[in-house]
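Structures for review follow.
Both complexes below contain subunit A, partnered by subunit B and then by subunit C.
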Partner chain A sequence: MTEELLPVLLIVVPILGATLPLVLGLFRERVGWAVAAGTLSVEAAVATWLGYAVYIGDQRVVHVLGGETFGRKEVTVGEFDTEGFIVGIELVADALSGLLVVLVALVALAVLAYARRAGPRRNAFYSAYLLLTGGLMGLVLTGDLFNLFVFLEIVGLMTYALVASDRSGASAVAALKYLIIGTTGASMYLVGVGYLFVRTGTLNMVDVSRVLAGEPAWVENALYSEPLVVASFGFIAVGLATKAAIFPLHTWQPDAYSESPDSVTVLISALVSTTAAYALARITWVVFSPDFFAANPRTVELLLAIAAVSVVAGSLLAAMQRRVKRVFAYSSVAQFGLIVMAVGTAVHPAAGDQATQFAVYGVVVHLIGHAVIKGGLFAAIGALNSSAGARYVREYAGLAKQRPFLSGSLAVLGFSLIGVPPAVGFVGKWYIGLAAVEAELWPLVFVVFASTLLTLLYVARLLEKLYFTPLAAETDTEPRPAVAADGGGSVSYGMVALAVLAAVLAVGLGFAGAELTDAVQPLVEAIQESSPEVHP
Partner chain B sequence: MSRLVSATAGVTGTPLVTDILTNQYTYLLFALLLVIGLYMVVASSNLVKKIIGLNLFQSAIFLFFVSTAYLGESGGESGQAPIIPKKAVAYDPYASPLPQVIVLTAIVVGVALTAVGLALVIRIYGEYGTLDEETLREVRADD
Partner chain C sequence: MLYELAPPFALVLVAAVLAAVLPRTPGHAVGVLATGAVAALSWIVPEGTYIDVDLFGVFDAVVYNVDPFSRLMGLIFGFIGAAAVLYSYASDADGSQTAIALSYVGTSLGAVYAGDWLTLIFFWELMAVTSTLLVWYYGGRAVRSGFRYAVLHGIGGSLFLAAIVWHYAEVGTVAFTGGGITAGVPAALAAIGIGVNVGFVGLHAWLPDTYPSPHFAASVFLCVFTTKTGVYGMYRAFPDGHLWIAYMGGAMAVFGAFAALLQSDMRRLLSYHIQSQVGYMVAGVGLGGAAIGHGGKYYHELATAGAFGHVFNHILYKGLLFMTVGVIIYRTGKESLDHIGGLGRHMPLTAITFAVAALSIAGFPGFNGFVSKGMIIGAADKKHLEALWYLLLIGGVGTFLSFIKLGYFAFLEGEYSGTVEDANIGQSIAMVSVAGLCVLFGLVPGLLFDILPVSAEAYEYTTYTTGHVAEGLVLALLGLVGFAILRGPLHHVGRVPDIDAVYNRGFFYGGRVLVVGVTELYALLDRGAVRFVSATYWVGANPTLAVLRVSRLLPQSFQPAWTEEQPQTDGGAPSRLYIRAGIGTSILLLASVLTVVLVVVL
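Then we have the complex of A and B:
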């Protein structure tokens, strides 16, 4: 009973908390961190409770915003029956969103440990930080297509603000580029939603899915082959692919990651694209359902082709970069390519039940695994930057001796990214590869294999510098000019601990692969049966 | 949609499709504005003009939503604004309020985006003294 309130709390708590740093900032300076830590602790507790209710209690927690007036109504107007359509906005925590909720809450809390020393320390920064967390929660929990757009834009707005939060010119340029491309992407998504709304008359994901399948009496047949519906999938896929930074639409992402303050890079690399990819997966699987793609095999083939290109191009671009942050920024392009590839594989007409199952496992495990790995990698890189001033790959020469913990975490996370067993990166890639094999999509199998080799290319280059290039060989041993940033060139335990924690988790989650895949079993069944709702 | 509008408005019979012929021009305008806006975002090298293009692009989408809610002449009556007095006995044809609410929300989002975008533009101008993308690239390459 009380569980129904949890999804609302998850969104409301950080948004209300976001006002506090500004208000309290009138009386005391630098109160932001403490407020954020308190708010996000509550958030993490609520998220864990919700996760418990969803996975241990086997519930599908639904909350309809607005009280008694709203909800599923049987209204007959004239000769038309609304067939139990929803009135209002639903928040849904099911087998898919539950995992993301826990991920967002825990990562947002953990990154605070990093931000305490690394800054920025202004109160406004923490307001934006909390608003971003609230937006991400909403994005994950909402069951309404238009509401998803609103949260997408809240997340976008806060990300633009956070990217530019160190007040440098370069970050402002990066943020503006992100704003222009990101907003165009979100607007594309809105066009797609508009088309769907015009055809189905509803915005609720479950209801849209039902109308598309031709369930209500006032729809003669399934609407899957109508041009308007196909076009709407195109717009939605392009919009969300822009937000997730898939290859030709990724151009905002390396600048945004590399110019933003280190704490922001950790947060957005772990969560922002992840939730966009989640939204794409949810809409592809649950709203459009495999039947849509059986009617339009071209659309999914196109999606797979773009994703495959993204994997290869992203990896190659990553290998060509000289700045470490950019290396891993492009690496995200490749990894999200893999995820979108698996999203497409799950609904490909050639995919049997087995292939769908493996593809869904692959998406979920890699989505969570990548968030942990990439967040940890950027934490390690940021800490190496503020302690040793190393920003370029060549400056990493011999750093392993001076910074054993950070270098060690970087190595473990790097290997996890490549997909060395037993780390979580391996489990995700293994399922994605296995799904492609089961569906007999051989080009994709090749791409998964190639992505591993290409990841090895850029990770090994970095590790070779860290561990095997002597310090004096390449760079002069002059102490580098300390960057007089907000952090003052020092590293706190929190920063190192976050990197180490991520490394431990990246390996630990690998062993928990079976638990993760069990948790999303209801989702797999829902997709296999083309059911619009994920029931436990 | 036509069915939904008629369903919420309580009109039986004539679908909207026939009316669209007379109202179709808004959809054409939608497509035109969408493409012009996108072209401005891509082609203009002035950062402020890019943001104007973005606004145009979004306005096109608002126009699309509002157009879907519009109820033209159907059976001698055109759609009213969806404000239903409490004492109303019969339902007149009312325009669907949902797309209008959507547009209202989207406008708010658009305003916020414009504000953030312009704030960034001001900072870029303060830092580099230019709003031109090409010049900006040259200035930054010199750094």
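Then we have the complex of A and C:
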């Protein structure tokens, strides 16, 4: 019974914790990190408990906000009485959200180890950090479409703040760009939700799904082919695709990643787009369900087309970049393209049970794998920047000799990103490719294959510089005022450890691929049966 | 069973390794023991013994399989192997050469004891490699002929391999099914591929080219294994025979015999006779089907038995011939008939054993060749294939003629100046024991019938009938008369060009054209690739300029506006192309995407 409290704790703990640095800051300076570390340790413990309940205890943990007054009750709509529709807001931890909860909690805690030395060290930064974590948790756990928008905005606002926390002009501009584009995207999402609310009269994901399927007595048929519903999917997809940085809606993302402080880049690259993609997957699979896409095949085809373009364009743009941070920022555009591709493949009318299964596996494994890989990559890049002042690809020449651990992590993570077995990047890509093969969507198969080659293109360029280009002449490397200006100039064990840990995890998770896919089996079955709830 | 622990090829290959590392004398001893053991094993190991392995989880390979045909081959290969190793030892062959020869024997044994096509082709190809090494080991002129040999056998082996792959694709198993290779293209490929090994007319030129080149003891090995394994393979591929193969055998018998007649180099002469004799065997294999020619009662059994009997006998007398000729070369250092003569009085033992071998190969009554050749000729007669029958008889006349020539010019005519010793003791033992067998199997044909893979009851052949003996004597008489007439011209014929004169040139000039063509084509591609890469480099280094140049091709109104201040290069560094979208553009993009999405989905 106590498990029902866990979802709400996960959201409340960091939000309450966020007030502490500001309050305690009145008495002591630089208390933020300690508060954040304490809060996030609690958060991680709670998240692990919840994960245990969901995956080992085979539970679908539901919390209804507001207590006894609310919950699933008899509702009278006009002359129809209906059992089991909800009043209020649900928080749901099921086979899909459970993994993300654990991921968010652990990554947020791990990045703290990096931020201790890398900064920023102001108390306000840690308040924003905790708020962001709370927002991400809410985004992952909520079972309510409007509530999701609220958390999307919390996450967005905190990210804008964190991006700008570098206090440089460039980061302010990047944050502003992100603010405007991100808010526009969120608004699109809100419009979509509004359409759905107008037609279905509910905001709860499960209920919306049931109404769309035509289950209650007051709707005569399934609503799948109604223009309002189709348009709402269009708005929601575009809104969330903007948040997940799918080409050509990605324009905010490279600036935001490259201009924010290194710690922030690690955190947001690992979590923010990931949760947006999660939201898109959840709404696509569970709220709209495969039946919707069977009725509107063009919707999913368009989604797939955009995703495929994103894979190719993102990779090409990544290969064209000179700043390492931008290389991997664009790489995220490509990787989320892959994920959205698999999201679409799972519900494509041509996908049989097998293809759906593989596509869902692909999404889950690649979401988690990409978070680990990309977080680790940015950690390694940030540490190389603070220690050796290397920001551009050409400045990486010969660094491998000076920074063997960071370079080694970068290499392992890079290979994982390419999809070299047995790393997790391979497992995710393999399932995505396999799903496309099973569904006989050959262009997608080609794109998956091409993405591997294109990833190789930019990763190999970096590794070639690191390992095979001799160190630049001393005269070139001598003037490095940038190091001092960055404020860091040194690398802590925590920073290196985070990169190494990510590299180890990237390989280790590859071996745990079977466990990951077993964990989401209930989700696969729910999608295959077009069930609105994911029951174990 | 214990026998499965010691497949013959493994025994001999181990002996080959030992012979390579041991000193000369114990090395040869091990070789004699191993090959002798193989002969003994072939005799005692019961039919149906086999070793199977699961290859790559796909192929059920049977690397050792004992059936009547492989037993016969193993028996004679083992025996002649032992005799040849002994002869090598007596002929000052060094340990390494004998080691290579033993590896050649071992791979041949692997081929004849193979229980499936895959193992067969595996050892078949290895046999080509080891025999090439054996030729190459001698150096000098042998290197070039060995290379030609390798190329031709590489092609033949590949064709046979292709046939097997095709057969596998059709049948789904590599095991011998008893039905031979799939008819159609695989059969044609197999016939040509094996045809290289047995020396089909036109594919035979490697025989007289290669076998006279290496050490004379090596020739004793070479003359035995490759062609006879070929005959065995031909039987495996075509157990029901084929009329074309039978006629090809007839053509080989005639062509080989008369080409031999024109040779002066002794080993070259003998090599043509291999083709001729293998022609009889191929004819026998070709006739080995009930559907070939006139059905009659079990005449195809007679043909198959004759073919394998001829394999057995031929190995004995051809090995013996190469040994006697080897002794002449050993003692005189001369290869050509033009430079020797009157050796009979100096080397009586060699002369006598040569006479036995010559009478055997020519099929004179009382010698083993008479038995098996008679069976094949008899089968052709009984099946009413007159043309083939005449071909085989004419081949027989040619054989008499050329061996009368060889014997006459080497041992009888003229006087050898200087002293020449006869064969040494080791050579003598090897030669006399083989010669004894030639006579024994000729006088008591029942012994041969007992070991043939086809049981004697199946064909009921009586060797010594008036007709058969008369046939043999008439052929001999024709040979004598012919030689009496042709004696003058046959001496000093000079070198007669063979088919290889055509295709060696064709190969050379064709190869030149090919090499030059490929080189030029590659150079062309290379230039193209280099240009493409440098163009790409340039675009990468000067993206702005590239865009500028491309945009000049566009209509005026579409061209982007370039400000004069736009730097083309950035302080020596390549210029950069800024393609970042501003906030406004981004929102425009977002709105456009949304519009497109809505338009498409609604």
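The working rule: the second predicted complex is superposed on the first by the 519 of 536 C-alpha atoms of A that agree within 3 Å, B and C clash if a C-alpha of one lies under 4 Å from a C-alpha of the other, contacts with A are read in each partner's own complex, and residues count from 1 in each chain.
Basically, a contact is a pair of C-beta atoms (placed from the backbone, for glycine too) under 8 Å apart; a residue touches a chain by one contact, two chains touch by 3 or more.
All of these numbers come straight from a predicted model, not from anything done at the bench.
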First (subunit B), second (subunit C), both or neither touched by A:Thr299: second
Which superposed partner A:Phe197 touches (first subunit B, second subunit C, both, neither): first
Touched partner set for A:Phe146, first subunit B, second subunit C, both or neither: first
Which of subunit B and subunit C A:Ser187 touches, first, second, both or neither: first
Touched partner set for A:Phe70, first subunit B, second subunit C, both or neither: neither
Subunit B versus subunit C as contact partner of A:Arg167, first or second or both or neither: first
First (subunit B), second (subunit C), both or neither touched by A:Leu176: both
Comparing the two partners subunit B and subunit C, which touches a greater set of residues in subunit A: B
Which of subunit B and subunit C A:Gly234 touches, first, second, both or neither: second
Overlapping contact positions on subunit A, where the subunit C interface meets the subunit B interface: 176, 180, 184
Residue ranges of subunit C in contact with subunit A within the complex: 576, 580-583, 585-587, 589-590, 593-594, 597-598, 600-602
In the complex, subunit B residues that touch subunit A: 1, 3-4, 6-8, 10-12, 34, 38, 41, 47, 50-51, 54, 57-58, 61, 64-65, 68, 91, 98-99, 102, 105-106, 109, 112-113, 116-117, 120-121, 123-124, 127-128, 136, 140
Interface residues, subunit A side, partner subunit B - complex: 77-80, 82, 146, 149-150, 153, 156-157, 160-161, 164, 167-170, 172-173, 175-176, 179-180, 183-184, 187, 190-191, 194, 197-199, 201-203, 218
Residue ranges of subunit A touching subunit C (in the complex, touch as defined): 176-177, 180-181, 184-185, 188, 227, 230-231, 233-235, 237-238, 241-242, 248-249, 251-252, 254-255, 296, 298-299, 302, 306, 322
